[in-house]
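Next come two complexes, and both contain chain A; in the first it sits with chain B, in the second with chain C.
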Partner chain A sequence: MTATTAATKLRSDQRRWAPYAFISPFFVLFTVFLLVPVGAGIYLSLTDWAGLGEPDFIGLANYSRLLGDASFGAALGNTAFYTLFAIVVVLPVSLLIALGLDTRGLRLRDFFRLTYFMPVVLSPIIIALIFGLIFDGQYGLLNAVLEALFGFGGVSWLTDPMWARVVVVVLVLWRWTGYLTIFFLAGLQAIPRELHEAAELDGAGLVRRFFSVTLPQLRPVTAFIAVTMLVNTAQIFEEPFLLTQGGPGEATLSVSMFVYRAGFQRQELGYAAAAGVVMFVIVFVLGRIGTRAFGVGRTR
Partner chain B sequence: MELNRRDLLKVLGLAGLGVAGGGVLAGCTTSGGGAPVLSGNADLDLWTHDPGYATFFTDAATDAALVGGSAWTFGVDVTSIAPADIVSRLITQAVAQRPLPQLAGLVIDQFPRVMRADIAENLFVDLTSLTEPLGDRLLKTQPYSVDGKVYALESDNSVSVMFYRADLFEQLGIPDDVGTWEELLEIGAGVAADTGRAIGMVANGDNGSIVNGFTQLLLQRGGSLYDADGNLTVVSDESVEVLELMAAGVRSGAFLPLSDPYGGAVAAALKENQLIATVMPNWYEVYGLQANVPDQSGRWRARTIPRFTGGGHIGSTLGGTAFAVLKDQPLTDAATDLLRRTYLSEDGQLARYHAGAYMPTLVDLYQATRFQQITDDYLGGQRVFEVYAAAAMDMPAFYQAAGASVLRDSLGGPILRAINGQASAEEALTAGVHAYERQVQQ
Partner chain C sequence: MSTTLITTEEATARPVAPARRRRATRPARVALYTALIALAIVYVVPLLWALSSSFKDRSDIFAFPPTLWPAPASLDNYSNLLAAQPFWSWMLMSTVVAVVSTAATVFLCSLAGFGFAKYDFRGKNLLFDVMFSSMAIPFAVIVVPLFILIAKLGLANPFFALVVPWVAPAFGIFMMRQYTEQSVPDEILDAARIDGCSEFRAFLTVVFPLLRPAVGALAVWSFLSSYNNLLWPLVIVAEPEFYTVPLGLQALFGAEGRQYDLVMAGSVLAAVPALIVFFVLRKQLVNGLTAGAVKG
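Right after this comes the complex of A and B.
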């Protein structure tokens, strides 16, 4: 082989490999931070492992145990409740607030935006402390107000299973509404005024304009928010963990808390991984359903 | 060689899984550490959640009265970590073969996590050779034992007594020497009906607080969650009696249900003079009373807990933090020596009391003049060790098992239902134990 031929081959090899070298950072990161954890998680879910020592391969025993675990069932039910609430209540409330903020001539618009966005930047610990003070059954602010206004105030907000769930979703509402409002507001401001004016000329009233102009124009934003909220709420952890620790009993336990509890309070890492895999599948399926239902990524 | 994007993904994916598998397998051993350091400088790493222990160990390391004559010259480097994270990080560091501390403070309810799968045996030094010669003199080794071996030494005996407002007891005509719970509950019901004040509290917030409150009284009554072999013993006549007492107390108003025995709710109850007595461990004086109502200094007193008519003890225990020595490290022997000198000597125990009011674990020290002479300003100058000595002499043993965390989560809800009158005590306990057994057996 002559020197010229060798140099030509080297250049040819370089040309062949160069594109892969350029795109490799993404694939390396994708592999290290996604494929490896997912693969390790799936493998762990098939083992019995407390953290030290040899993981014992037990096949699908963890999954079979999950099927019969009433705690996991309770966690799934609670998470479904939170997710449903987020979609059915938080989303529309955010849109309504955004519509209010988008009103022409509204004074103190920036103040309202700041106020609604504030819960997002507050530390969850502080939020939990404040909510604890508000909703305490014996000395809480809410019961005191109810007592003063209506003569009753003995609601066990955090220690009654039903009310504890309600308080958690109120916290979700309070915390995330402002954040979603910002997205809706951005979407509303992007709707051309001419569309509203044309509809108005055609005799459309406020409600008709909302359903015929605003909502269709907001569809991409709504789809994004709905799917994001769906996926985030299905993994809800901070709110019930800080406010009620999943209690009373397991009344507010979420699937993420269940995973945490199994892994970091009971040292059942294999079982926690199995619950994590199930949660991943559920969130993935919900995400796909949401994406399809709301038409995310579809061209208009 | 032709390589397309699909092949590249496959190669990287397989390599990644291989790395993960290798990592998992490599993580199955704990790190060794080189040759033991037998003398000289010993700069020990210590993990704890409590600044009090940080101060104590830092000072003790250079206190000639405690470490004089040791082969090592100690230094302590403290890392502050949340209680649950200490165990998690010990395990992850060991798995990753990363540096471990020589000393780690384990909160009592975190210890069951290391009782599984030989974790304690693999991570910690067996301290039985230090504790065994002390026999029954040394209290509270049971919660930190696995298969009869002691893996951590308790820092604070956590003796439960009854704290009460002496001024309000006198004003309301409540004798401060009522002999039994039954009598006190009757008086408490009358006081609650007349004044709205409560002579005790019952936690109704998170599962941990609910079960802890129940366990404290159960131990006092002579019952237990587990026996010495780790068998569940929670369904018993004693448990039913305790739960019925708690429910009756809440029903009559003698016991105040509070979501948080340490935070805002109890602060309000104390400030409003609504909670005028409570059964809690010694550390509650600092973290519960002094922290929330410093202005009530001098008005509180301590006494032993009234007995149950059916039997039991006048003392109990709740909480605690024990220190373990991490094994197979160059400074393991040095750490063990420091722990022995500070935790198992009279001087060390006295220093611990003065550093953070941590109660001695050597039972005979409660009678020692040095301790008996201690007076407590917050408790009106009371000679507290007269009370603590009586309680410590009659303190029940507390056993844990690997499933303690499951038990806490299983019992919390049913106990709360019984306290609220939504289930009988027996039904609640049975339901809780069924839930526990389903999970543990699986």
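Right after this comes the complex of A and C.
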């Protein structure tokens, strides 16, 4: 064997193993910090444990307790509401804004785009604090403005169950719309202009073109956004935690808050793990359905 | 089908192209700008309000009628915050953790993205699917067991726990793979191999420099998600000397009986690094983030 063929062999061996080496850090961390915890969480969910001594195996008792727990029901309901809102309202609103920004010859496009994007850069705790100022039931900016404009300003934004939920959802809208907009805008700009021109020549109007050209072309980006929003909103924590502490009562409690409260404030680690597993199943199944349906992540 | 249609149409349509460059009518344009400006106000006013409140006395923050311009304007909230709270220590903690995470994230995600983009290997699709679907695992699911795991292994040192588990996010790998596929030609890689580069060297010297725009985006994204994170530090960091900014603000807000004066000053200071990073790298961030998703 000559030196060159040995070198070639070495190189092709290397080429076979290199990709595994390159992706291995992810899989090591994934295994240790994600897979193992998920497995441990499933085991833990079958036990009763306050963090000291050995966990007591209690079978499915935590799950049957969850079924009857009104707080968990409320947390699931609220989280479903936030998530549904994110998909049904935030997504279309973002698309609408993106369509506006995609108008040809628009001035200040970058200014608008970046202004709308800004909230995502800020810590949710800062956003929650700012909106605490604005939505304060007695002296908040919003009530003051309402008072000045319409003569009534006594809305208990944060202490009325219905309004408190609305406020959380407004925060979601404010924080995420600009972020989603830039994805939609990039998607719109990537649509070949010829497609629109061809459709226009075929006599398709604005609305018709939107549904038969724009929307189908936006499918990958929409799917990506929808799944991202699903996962993000399903684990919403900071907004209700900081703004309302889940209240009034449990009107804004989210599943993440429920898990945090059970695990770290009440030391019911097994019970918290069970709630986490239920959430995992729901989000994972929905996420998989979403990715499968749209084929996100597949290039070819 | 559509491609042939377009090419034939285009040949005939080109001469009249200017006529089709239809702009929105004037009233529509006015309505559009009005809506966009109104929306920009909705985004800017809360931030200005927070900024203004941070210069007001505790009693003036909720004064009626509200005044945007603080009178008297004072730096008391800032000096009180900095005198009474180890704010710079929170800031240092957050920044160090975020910078270290970001450096590691950028390196590991680029490497893995490159691995997925430029090699064919057995199990690639399965591994990619596993990686990709890990994005759909909500943090709340693992927070309790991960906390126990890290505590039991004696790894609860904040510098470890706030950094190591998070340095290979699936989203980052996905983004880097998309970008690598689009912008690193195979030829350049082959040329490096012929020159005798090892695979890793080829990545470092040839591929990585080409990934710069996406690396910028990933770096900002990673910095911000670490810098802004609350839930995990809340769970894992027990000692006040290791508090991060969000954690410190949260504790302060609770301890002060939900008073806004000090936390607003803190929020403004905390927002500054995030906004600077964002403004400096805004183009890269916005373009890089969306590059992968558009193609799908």
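We take it that the second predicted complex is superposed on the first by the 261 of 300 C-alpha atoms of A that agree within 3 Å, B and C clash if a C-alpha of one lies under 4 Å from a C-alpha of the other, contacts with A are read in each partner's own complex, and residues count from 1 in each chain.
Keep in mind that, in the parts below, a residue touches a chain if its C-beta (ideal position, glycine included) is under 8 Å from a C-beta of that chain, and two chains touch if they have at least 3 such contacts.
Just so you know, these numbers come straight off a predicted model, no measurement behind them.
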Scan A:Tyr20 for contacts with chain B and chain C and give back first, second, both or neither. both
Which holds for A:Glu194: it touches chain B only (first), chain C only (second), both, or neither? second
Applying the document's definition of touch, where does A:Ala273 land relative to chain B and chain C: first, second, both, or neither? second
When the two structures are overlaid on chain A, which partner does A:Thr31 contact: first (chain B), second (chain C), both, or neither? first
So in the superposed three-chain picture, is A:Pro248 touching just chain B, just chain C, both, or none of them (first/second/both/neither)? first
With both structures fitted on chain A, tell me whether chain B or chain C touches more of chain A's residues. C
Touched partner set for A:Ser71, first chain B, second chain C, both or neither: first
Touched partner set for A:Pro124, first chain B, second chain C, both or neither: second
Which partner does A:Arg261 reach: the first (chain B), the second (chain C), both, or neither? first
Contact residues of chain A, present in both the chain B and the chain C interface: 16, 20, 23, 27, 30, 32, 36-37, 40, 44, 51, 129, 132-133, 136, 138-139, 264
Which residues of chain A touch chain C once you look at their complex with the stated criterion? 11, 14-16, 18-23, 25-27, 29-30, 32-34, 36-38, 40-41, 44, 51, 97, 100-101, 103-106, 108, 111-126, 129-134, 136, 138-141, 144-145, 147-148, 174, 178, 182-183, 185-187, 190, 194-195, 197-198, 200-201, 219-221, 223-225, 227-228, 230-231, 234-235, 237-238, 242, 255-256, 259-260, 263-264, 269, 272-273, 275-277, 279-280, 283-284, 287-288, 291, 294-299
Note which residues of chain A are touching chain B in the complex, please. 16-17, 20, 23-24, 27-28, 30-32, 35-37, 39-40, 43-44, 49-55, 65, 68-71, 129, 132-133, 136-139, 156, 158-159, 161, 244-251, 261, 264-267
List of chain C residues in touch with chain A within their complex: 2, 5-6, 9-10, 13, 20-21, 23-24, 32, 35-36, 39-40, 42-44, 46-47, 49-50, 53, 61-66, 108, 111-112, 114-116, 118-119, 121, 124, 127-149, 164-165, 167-168, 170, 173-174, 178, 181, 193, 198-200, 203, 224, 227-228, 230-231, 234-235, 245-246, 249-250, 253, 258, 260, 263-264, 267, 270-271, 274-275, 277-278, 282, 286-287, 289-291, 293-296
Which stretch or stretches of chain B touch chain A in the complex? 3, 5, 8-9, 12-13, 15-17, 19-21, 23-24, 28, 30, 84, 88, 91-92, 94-95, 113-114, 116-119, 122-123, 204-208, 210, 256-260, 263-265, 268-269, 405-406, 409, 412-414, 416-417, 435, 438-439, 442
